[in-house]
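The structures come next, written out as structure tokens.
Shared between the two complexes below is chain A, which has chain B as its partner in the first and chain C in the second.
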Partner chain A sequence: MRTKVIIFFILINFNVVNAITFSVDSNKILKNLRCLICQGQSVADSNSDFAQTIKIVVKDQINDGKSEKEIYDFLIEKYGEWIVYKPPFNKVNFVLWLFPYIALVSGGVIIFLFLKKRDNH
Partner chain B sequence: MQKKIIKSSIILFLIFIIGVFFVGLNKNSIYDTKNLVGQKITKIQLERFNDKRIITEDDLKKNNFTLINFWASWCAPCRDEHPILIKLNDEKNLKLLGVNFKDKKSNALEFLKDLGDPYDDLARDELGKQSINFGIYGIPESILINKNLVIIKKFIGPISKNDYDDIKNIVRQ
Partner chain C sequence: MLSNIGNTLLFLNILLGISIIYLSLQNLKNRKVLISKSIYHICLFQSTFIIICFFTLVTAFIISDFSIITVYQNSHSLKPFLYKVSGTWGNHEGSLLLWVIILTIFSFLFLLYNKHHAKNYRIYSLIVQNVLILGFLFFLLFNSNPFSIILPIPKEGLGLNPILQDPALAIHPPLLYVGFVGSSIYFSAAVASLLTNYSGKLFAKSIKTWVLVSWTFQTLGILTGSIWAYYELGWGGFWFWDPVENASLLPWFAMSALLHSLIVLERRNLLYFWVIILCLLTFILSVTGTFLVRSGILNSVHTFANDPSRGIYILIFLSLMIFVSVLLFFNKFKNSSYNLNSNSKETFILINNWFMMFYLITVLMGTVYPIFTEVLTDHKVSVGPPFYNTVIIPIVVLFLLFMSVGPQTGWIKNKSYNLNLLLKILIGSILINFCIVYLFKEYSLLSNFIIISAVFLVISSLIDLYKSYKNLKIDTPRIVSHLAFGFLILFIGINYNFSLEKDFNLKLGEKKNFENYSVEFKDLKLQDFKNYKAVIGEFKINNFKENSNQSLYPEIRIYENPSTITYEASIRSGILKDYYITMSNIDRSDYYNIKFQKKPFMMWIWISVIFISVGGFLRLYKNAKKNY
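On to the complex of A and B.
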């Protein structure tokens, strides 16, 4: 009996974890989509015609089992990267993604050299 | 040596910043979806206005050129472009496919009765879902495609006299 109860809870736990891992959060997607005809609003925040249509399409695609990446890829194909607030890393925008890190490291090196020089004096 | 490194880093940084501003400020900041030109349209599933049959890619492949026009009776600029669409209907090489967008059927029919029906085929996109597949974000918008379903030109807003000339030249070639 005890073994059955343990197996039951393990199975339930496994299903819950699976559901959390594989479910696609529509709100997260809609917040990352720009309403193209609005002033600085995401699709999630807008009630415009365009935003409402995108909401329906995203919901349909989630129901069809599409992943978050597939949904973004579809919309980027149709509207360009401008539609997503967080564009995917690619060869066109890699400088934009890497620049903060490069600036951080370069700044660190400059400060290090500056301090080292001051110590030597 | 260290001074040199610092100096060159600062110069490189300034060049980078100036470069970013130069490219950024010279870029057209008005958003459009004209970058779809050259892409092939796929997964066409448009419901016919009258009999609910589905218009697919195979239907459009039969035409040398198709102008897909998204319109609605509540859209004022659609009225402006309507006479041009009627003139385009005379082009032998071109078929006009109208997609009635988020509209009441009765209003759409009245619109066509009042202003004339330029369309060879008429479809309906009641919820606007199909329009996303065509990269539409406002109406009127029109897409000129060829036999291979490749987008030749995209018209955002009402079709103008210049657009009419362009379309005429393309389909008569």
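On to the complex of A and C.
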């Protein structure tokens, strides 16, 4: 009974609001882009000429029906990976993406072994 | 004049540091139980001199003595008094002096307040701490001297960077430094503990207060930094995962881990070597952070003071510190037997440390990875908010659940879990999440999990609080901090997911409508202030749903000393939400670019963090009461 109640609530939770939109969110993209001429600011937060240009480029691309990924790829090709705040997963960046999880798993294993060793005492 | 006084005092402090080390080494040889009085006296002199030295610099800033380069470069005679004073530590040289002061005062206080601990341990701590003090004094005197003079004497200073002229930022460095640099004392104590085999509960007792002090102040320091970023940098966020912000967060993770595992060491005499690692790590991370920030190796929004030659010195110093700590650690490390049950408070504290290390490694990795790729592969990458959010947020959910259950468990062996209660809390959390999502009418899978787990922690902590009041076994400090942490994540979650952000261009007199709001550009005027001119806009924000009107006044400021333009956000803080407007001019056009944001529960994020540190202060107070 209790599990049913929980499942019921979880289902409600994930279904009740149908505000999911599949359109491309320009603000989200602009936040993920570095303003190349600023000191550590995103394009969305900057007022520089460069940022204004990129904003127009991104909006045009969205209007052309490009997907989020296509826009990033386009900009990376033009300006290099330096422009995106989320480094793409590739042969240079895989260490960055995988290492935290490796650390997490090995930490868990260490604690597990630590506790298990004691149980064998 | 002031420059001579300052230089003399710095030089005297070097001599005093050397004599403390010499006398301490002599003192180790004799068999007396007590540390000789002369060491106390010299330490007192050392602290007094460095404080006078600091006030000399403050005076130079107040009276605008432009014969001193630091004052000339960072001050201006027309600057308001508060910012003249805070200008003292708003630059590399001055803040380094502040760094040395904290090293010195902590050194003296640690010596003073640990009278009942073993003599050798205290003396070795003092020696190590004075080696650190000397290292930084040399750096200060020969590389970054705050008292260097300039000839001919300029008539007027260059002024402090306007965005640093802010009350939150005036107190930010001192707070953060007490945390950052305060960690040096348990670095020294850890080295001393390894050298003298002064381990276990007594060691834990001797450093407990210092860990707490540094953790509490670090928390407040990070808070003031984010508050400043929120209303000064004009982008409406409070955390950008910028390298400089990360540099303050890294030691915080290490401190939080230490704070918890220290309890295990004190209560059960376990995890000694792990505690030592954390002690060493915290200060090493603090210095690493300083290196990253001051060397200018990283591209950051907060880079105000950097110079490669400083980087080299700090890097050498840092490498030496790491080398010595690692060497010493492996020399002394021995595998001890332990008695740890997998179902006990100890295990949950280990789990806390496990997650803290995960956060630490992720943030460290993200911060330094760009340096490596650039050096090794000539490939420039940026690691920013989307990376950290993707990697960290899902793990926070798990962390919060452990954090809810952990504190209720017993030491040594936990009896049983109240599964029934946990289930009820979970259902309650899901219900509350349902309401929140319904109210804000937005939805994402991950935000649901974050909100549920945060509410789970909040409810668990509240029940904890209620129970402990009933049993009269009140552990308020812990509950306050944990509860506040739960609220913090909850409010951040809501704020992050349900903010409204609009970016549009308006001309004077125009009006923009969207969702339930309209923003009207009512007025524009030019005004003269003491040290800047300002273009001030008036915007009327109409909320149709609540039928309320509010006016906001964002500014474009033109400073003359140094000549800069800054964009000042106008913020209307409310209990439920903040309105946030910035405006900027568009070249060759009558239009202004307007950014409007609605940020729910902003104020509660600050309040939550304040309460996290209130927990720290309460613990300090309780410990002090217990001891006297």
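What we mean here is this: the second predicted complex is superposed on the first by the 99 of 121 C-alpha atoms of A that agree within 3 Å, B and C clash if a C-alpha of one lies under 4 Å from a C-alpha of the other, contacts with A are read in each partner's own complex, and residues count from 1 in each chain.
In the analysis below, a contact is a pair of C-beta atoms (placed from the backbone, for glycine too) under 8 Å apart; a residue touches a chain by one contact, two chains touch by 3 or more.
All figures in this text were calculated on a predicted structure; none of them were measured in a lab.
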Touched partner set for A:93, first chain B, second chain C, both or neither: second
Chain B versus chain C as contact partner of A:43, first or second or both or neither: neither
Winner by number of chain A residues touched, once chain B and chain C are compared: C
Partner chain(s) touched by A:80 [first = chain B, second = chain C, both, neither]: both
Touched partner set for A:32, first chain B, second chain C, both or neither: second
Contacts of A:56 with chain B and chain C, given as first, second, both or neither: first
Touched partner set for A:113, first chain B, second chain C, both or neither: first
Chain B versus chain C as contact partner of A:71, first or second or both or neither: neither
Where chain A meets both chain C and chain B, residue numbers: 49, 80, 82, 114, 116
Of all residues in chain A, those that touch chain C in their complex: 2, 5-6, 9-10, 12-14, 16-17, 19-20, 27, 31-32, 34, 38-42, 44-45, 47, 49, 80-87, 92-93, 95-97, 99-101, 103-104, 107-108, 111, 114-116, 118-119, 121
Partner chain A, residues of chain B touching it in the complex: 2, 5-6, 9, 13, 31, 33, 35-36, 39, 102, 127-129, 131-135, 137-138
Footprint of chain A on chain C - complex, ascending: 233-237, 240, 242-243, 299-303, 337-342, 347, 350-351, 354, 357-358, 361-362, 365-366, 369, 373, 377, 379-387, 390-391, 395, 423, 426-427, 430-431, 433-434, 437-438, 441-443, 445, 448, 501, 503, 567, 584, 587, 593
Contacting residues of chain A [partner chain B, same complex]: 36-37, 49-50, 52-54, 56-57, 60, 75, 77-80, 82, 106, 110, 113-114, 116-117
